[in-house]
Structure formats: structure tokens, C-alpha cells
Amino acid sequence: MFLQVFYANVALVMILIGFYCIASKRNLLKIVIGIEIITIGVNLNILAMGLMENSVEPLAQEMAIVSIAIGAAVAAVSLSILINVYRHYKTLDTRKLRRLRW
Amino acid sequence: MKAEEVVAGILLALLLIYVVAINPDIFRISRVGYSIEFKFEEKTYFIWTNRWVDVAIQAFMLFATATALSALFREEKVEEAEEEVVVEGGEG
Amino acid sequence: MNPMLPLLTLLGGSVATPLVGMFSRKIRFEKIRDAWAILAFLVTTCYFSYLIYSGKLPLYYAVKLEPSWASIEIRIDSFSAYMSLIFSFLGLMVSIYSVGYMSGETGLDEYYALLLTLVAGMIGVTMANDLFTLYVFWELMCISSYTLVSFRKHRWEAVEAGFKYLVMSTIGSLIALYSISLLYGIAGTLNFSELSQIISSGAESISTSTLYFIIAMIIAGFGVTAAIVPFHTWLPDAHPAAPSSISAMLSGVVIKTGAYVIFRSLYAVFFPTEFLYGHILILFGLLTMSVANIMVILQKDIKRFLAYSSIANMGYIILGLGVSTYIAHFYPSDIAAVSLALLGSLFHVLNHAVGKGLLFLGAGCFIKQAKTRNIAKLEGIGRKMPVSAVSFSVGLLNLAGVPPMSGFWSKFFIIIAMLSHPKDTLLHTSTIVFVVNILVAAGYYLWLLQRITLRKPGEQLSKIREVSPSMVIPVAILACICILLTLFIAPVLDLISGPVEALIGYLHKPEAIGGV
Amino acid sequence: MDMVIFHYLFSVLTIIFALITVELKDLLKSILAFAVMNIFVSVVFYLMGAPYVAVFQLSVYAGGVTVLLLAFMHVRGGEKSEG
């Protein structure tokens, strides 16, 4: 119970660090790293929600494993798009891109 | 620097919302028939019998990722005259 | 019939596409690969048509092994079958269109494989009865669509829009996954029927603010793909940058998948009779359509024009959902108005999928021949390309809501539902905003119609001819379907009453929906 | 009860390395900090009682994703720090 709340808070801190990274950094690679940090935080939250005495519920473990694989797939696709972005602009600075303002 | 301060403010607001919204008592209100004897480490076939659709779709997703990478790194022939793009300044 | 059949067809077809492509290059007849993709979509479309026609719904594929709360469940009810039919049918049209449209491009093996996985992901989202399985299918769909948006990677626009779409949509999915994990922490299961039982029975012991937080995160997370206004900024970049066939897919069905998940999770888990979020959804819908309709008028690029109008139409759909949940919360006895709002909303899903698919494919025909997306330079092109232009005009008239067309009726149903409680101030004022938006939208659609088809073509368009048959045929078929929807509106409404009843059924007998 | 100290320690280390990953200007060092963070995350998963997830985290993130990021740096060449 106590560890659950503790890890839920750690997961939230990780997610907020990821959001901060995406929102404030000017480098596209940092944005990808921020997405990965958010993914780690969400996985941590999934496991925290299923935390029992000395073990984690099976469903939570299965969800975390599949979620890790999904995160790796997203990282691979985003990096390959990023290589194509780099070929066009020769830079990773978000301010140099024409429409990438959100 | 201005933008980062705004971001920090938003994050603090989110944290406040979280603290107000989530109190620690939410956990484990009502578990449906969870038995403490059922441990994943001892019964790893669980993932193949009960949740095989997730794993199968994840495998197809890795296939889709591989396809995506080969599409994004394919050899491109010399580009011809493409459709013209209209860029409006200052919006979006 | 096995409910896994359409998924197996599409995913198996997707895996086999590179092999078929290799074979077709060996015998120097590359159309075999295109025919392969068309065949897979055709089988899926026939499957869902048969399923709806036979009426043997809902259909289960349930693994109920030892810990039954952790088993997956695949469930096709009439709502899923209806959405899946739209998805696979538009996939069929787009794959026929791609034979002519994509013929000059490289990497077509990957293109068809990703198109098949895209539709498989969407159909899986509609069929999953477990929130985590739904999330896995959702990511399958998302990964395919990121790549398809940046498929023409030699252009700066495509890769940039693809990256923007990837970042926003991934963050949305992760927010949704976070809320799913909180739900798991509350209930210990993710099966829709068990979740709804736990949440409605233990509602007083669960902190209500947490549940509202989860509802907000589900709407925000899946609303990124559904292009609700604060999260819509990826859409006007991604739709023009993608190939026109993929724009039709994205605008016609991918954003509808986001709307589907919001519909399903709100009605199946968080009953609108117990939770109050209808007014928020109404405000989001009004904001979405107002902002988008203002932005449409400023556009000079035809695909950006259509993209912003897609956002406006998503606003109508979200508004219909919001009205139905609002009425269900405050006037729970008025089932007629709730189902009328849902009927209008779901009918608009069909109308917009067919109509906007038609418009993007038609715009693709014009762009392919004229090599420009500037509306000013496309003026009068309709006179040179009669078949495409007539079909395009039918789509425009349909979405403009000119009275006999079906696009009029779907909005009309929502308005009737909103007017059913004349003393309610929120419904009353939002009706006015909605009607103003519809009139503005009709104005700019008719303005586009006038510029494309009625003006005299300029000098630079003098050598334009009609496009190849494989591009004209799907456009013409979609136009015929727009007209058929208008002519046979009664059977179509009968068809949509199935999904409406499925959603309404969640409200009134929550203990009977498990059905295992 | 002394196990709780390990939970605290590795959680704090994870957060510290996440902050280092975000704040470092040099992208190469930032990626290495990311790998170290993943190792600590997998230790946390192990302490929570999910050894399989820990193994997956270690092999997929600390191995695969880090190698992907480093390969991206190699393909890119040129500027090493964020502008």
C-alpha cells in the first residue's frame, strides 16, 4: 500500500520530467528521449498499480512487457523519420523547421 | 527562457491537479477474484493462454515497424516536378 | 463465424504482401500485388456486410481460462460491425484508387502492407473488449499511419508533418495508457463489462474526482487522434503532406477511430447517467467546429481546406455525443432524445467518412493532373475532368448539408435532439452556435464547388485530361453511395439503430451486458 | 523493512539520471545517461518483484533503444550538442 503510493508518485515525476523535456528543449532528439521517459514512467505506474506483497500481479507484468515493446517500436519509427528530417534540414533545431510549431 | 517558465507553471498546475484529484485511498477498492497464489513467475504460460492476442498483435506490430523502416529508408528515384505547396505565413 | 477472421485476413495479407510483391516483380506484372491488397479488403468488407445482414450479433471470441478477469475477449457487437464496415469499405476504395494514384512511386510493397495493417488496427480497436488489447491495436494503427503520412520522404513537408503527428499522437496515447493504468489500479481488471460493474457498484467508495480525472485523460488522450480543438494542430499539416489516398484514409476513418474509443469507453464504462461530462463535451464540440470553420476560410491550399473542414465535422460528431450524454444525465427518462442525438452523430460518422473520403480522393485526381494544390490555380478544372468533378460536387453538396442529401439529415437529427428540452439554456444557446456553424460551412463548401466546377478554366489547365479509370471508379462509387444514402435513408437508419441500441443498452441493463 | 531503503535509493537515482538526461547539452553524454537511467529503472522493477519486466527493460531499453539512439548519432555526424 505504502510502496504503491510511493511508486505512483515516482511514475508521475518521471512523466512530468518527460513532459518538461518535450516542452522546453529545442532539439528533436531530446523530444524522442522525452517520449521514452514518459513511456518508462507509464510502465512504472502500471507496475505500481499491480504491486502486491513482494510481487506484481501477472496482468500488470504482461501489460508492462507489451508496453515496453511498443515503446521500442515507436522509438525506432520516430528515429527513422528523424533521419529523414535531418537529411532535409541538416539540423535538429526545432526553430529551423517551417511548420513544426505547436 | 520565458517559454520554460510557462512550461514550469503548467507542470506545477498539473501536479496540483494530481494531488487534489488522486488520494491514496483509490488503490484496491475491489479486486475481482485475485488470488495471492497466482504468481506470474511460476505460471508464465499465463501470457500465452490468457493474453495471446496481445502478444500476437505486438508481433505484428514489430513486423509493421520493420516494414515502416524499410519504407522510410528505401531507395528513391530522382524526383520529378511535384505538386506545388502553398505555405501561408504566420499561422498554425 | 469466427470473429478473428477479418483480422487474420488483413494481417496475413499484410505479412504476405512483400512476398507477393517479389513474385509479381519476377513475372513482371506488378498489378498482382495491388490485386492482392484489394482482395484482402474485399473479403473483409464482405465479412462485415454478411455479419450485419445475418444479424447474429454480438459475436464473441472469449478465452475464459483460470484467472478469468485477466483473459482477453474479442467481441463484435453491432456498433463494432458498423464501424468496421465503414473502415474496411473505405480501405477497399482507397486500395483501388492507389492502383492508379501511386503507380509512379517506389516502395509500394511497404505501402500496401502498411495500409493493410492500418485497417487491421482500426478493426481490432473496434473489436477489442478489453482496454489494454484496445491500446495494443491502437498502437498498431498509429505506427502504420505515422509511416504512411511521411511516406513521400523526399519532401520536407511529409517528414516534418509525420514527425509532428508522431510526437502529438504518441503523447496522447501515453496519456490514455496512464489513465488505463489508473483504472486498472482501481478495478483490477480492464474488461469493459467487469469495469462498468465495479465502477457503478462501488461508485461511493471510489473517489469521484479520480474518476473524473481519468475521464478527462481518456478524452484528451484519444482526442488527440480525434482532433478535438486544443489537440488538433497535427491534422492540418499531416493531411496535406500525406498522399491523397492516405489523406482520405486519415480523414475518413482514422480520426473516427478516436471518436469511436471515446464513445465506447464513455458509454460502456462511465455511464452518463451517473457521471456528468456532457456539458464539457458540448463545449469541446462547439469550440472545435467554430475554430475549424474560421480557419477553413483562411486557407488557400485545397487539402488544408479539406483538412480543417474535417476538424469541423469531428466537432459535429463530438457535439452529438455530448448532447446525448448531457440529456441522458439530466433527463434520464427521455430515451428518445438520447437515441436521436446518438443516431445523428453515428449517421454523421458514416456521411463524413464517405463524403470526406470522396473529397480527398477527388482532390487527389485534380492534384495529380494539375500538379498544384493552390485553389486559385485549380479554378475551373472541373470542366476538363467531368466525371471527377461531378462526383466531387456530390460530395461537397452532401457535406454542405443541402436539404435532400443525407448530410443534412444527420445534422438535423442532432438539432432536433438539442431542441427537445426548450428550457435548457445550454442546449438552447449551443443550438444557435451549431446552426451558425452549419451555415458558414455550407457557404464555404458551395464557394469551393463554384470555384472548382463553374468558373472558366485558366490557360495553364488547357492540357488537362481525365485521370485513369482506376482512380475515377472509386470516386464515382463513393458519389453513388452518397446518393444512395440519400435515396434509401430509411433502411440506412434502420442499420444505424443497431449501434444506437447497443450504446443505449449499456445505460439500462448494466448487469446484462457481460453476456459470456 | 531495510529493503525500503533500496526502493528509495534506486527511485531517487532514476529520477536524478532522468534529470541529467534532460539537462545535458552534449547529446552523446545525454544518451549514455539515458542508458544508465534504464539500468536503474530495471533494478527498480526487480525490487518491485517483476524480474521478467526488469529483463525486458534492460534488454530492450538499455540495450536496443540506446543502440538506436547511438546509431542515429553516427548516421547524423556533424553537430554533437544541441544548438
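Order of writing sets the chain letters: A, B, C and D. Residues in each chain are counted from 1.
Throughout what follows, contacts are C-beta pairs under 8 Å (C-beta built on N, C-alpha and C of every residue); 3 or more make two chains touch, one makes a residue touch a chain.
Computed from a predicted structure; not experimentally measured.
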Required minimum of steps from chain B to chain C, each step between chains that touch: 1
Mean-CA-position distance for chain D and chain A (Å): 11
Separation of chain A from chain B, taking each centre as the mean of its C-alpha atoms, in whole Å: 8
Whole-Å gap between the CA centroids of chain B and chain D: 18
Euclidean distance of C-alpha centroids - chain C vs chain D, Å: 38
Per-residue overlap in chain A, given as positions that touch at least 2 other chains: 4, 8, 20, 48-49, 52, 55-62, 65-66, 69-70, 73, 76-77, 81-84, 98-99
Where chain C touches two or more other chains, by residue: 67, 69-70, 132, 136, 139, 143, 146-147, 150, 153, 157, 182, 185, 188-189, 233, 237
For chain B, residues contacting two or more additional chains: 18, 22, 27-28, 34, 38, 40-41, 46, 51, 54, 58, 61, 64-65, 68, 72, 92
All chain pairs that touch each other: A-B, A-C, A-D, B-C, B-D
Parts of chain C lying in touch with chain B, wherever the complex brings them together: 11, 14-15, 18, 63, 65-72, 74, 104, 106-107, 110-111, 113-114, 117, 120, 124, 132-133, 136-137, 139-140, 143-144, 146-147, 150-151, 153-155, 157, 182, 185-189, 194, 198, 201-202, 205-207, 209-210, 212-213, 233, 236-237, 240, 295, 298-301, 304, 367, 371-374, 377
Chain B - residues contacting chain C, complex: 17-18, 20-23, 25-35, 38, 46, 49-54, 57-58, 60-61, 63-65, 67-68, 70-72, 74-77, 79-86, 88, 91-92
Residues of chain B defined as touching chain A within the complex: 3-4, 7-8, 10-11, 14-15, 18, 22, 24, 27-28, 34, 36, 38-41, 43, 46-47, 51, 54-55, 58, 61-62, 64-65, 68-69, 72-73, 87, 92
Residue numbers on chain A that touch chain C, as the complex places them: 4, 8, 15, 22, 28, 31, 35, 38-39, 42, 45-46, 48-50, 57-60, 62-63, 66-67, 70, 73-74, 77-78, 81-82, 84-85, 88-89, 97-100, 102
Complex contacts: residues of chain A adjacent to chain B: 1, 4-5, 8, 12, 16, 19-20, 23-24, 49, 52-53, 55-59, 61-62, 65-66, 69-70, 73, 76-77, 80-81, 83-84, 98-99, 101
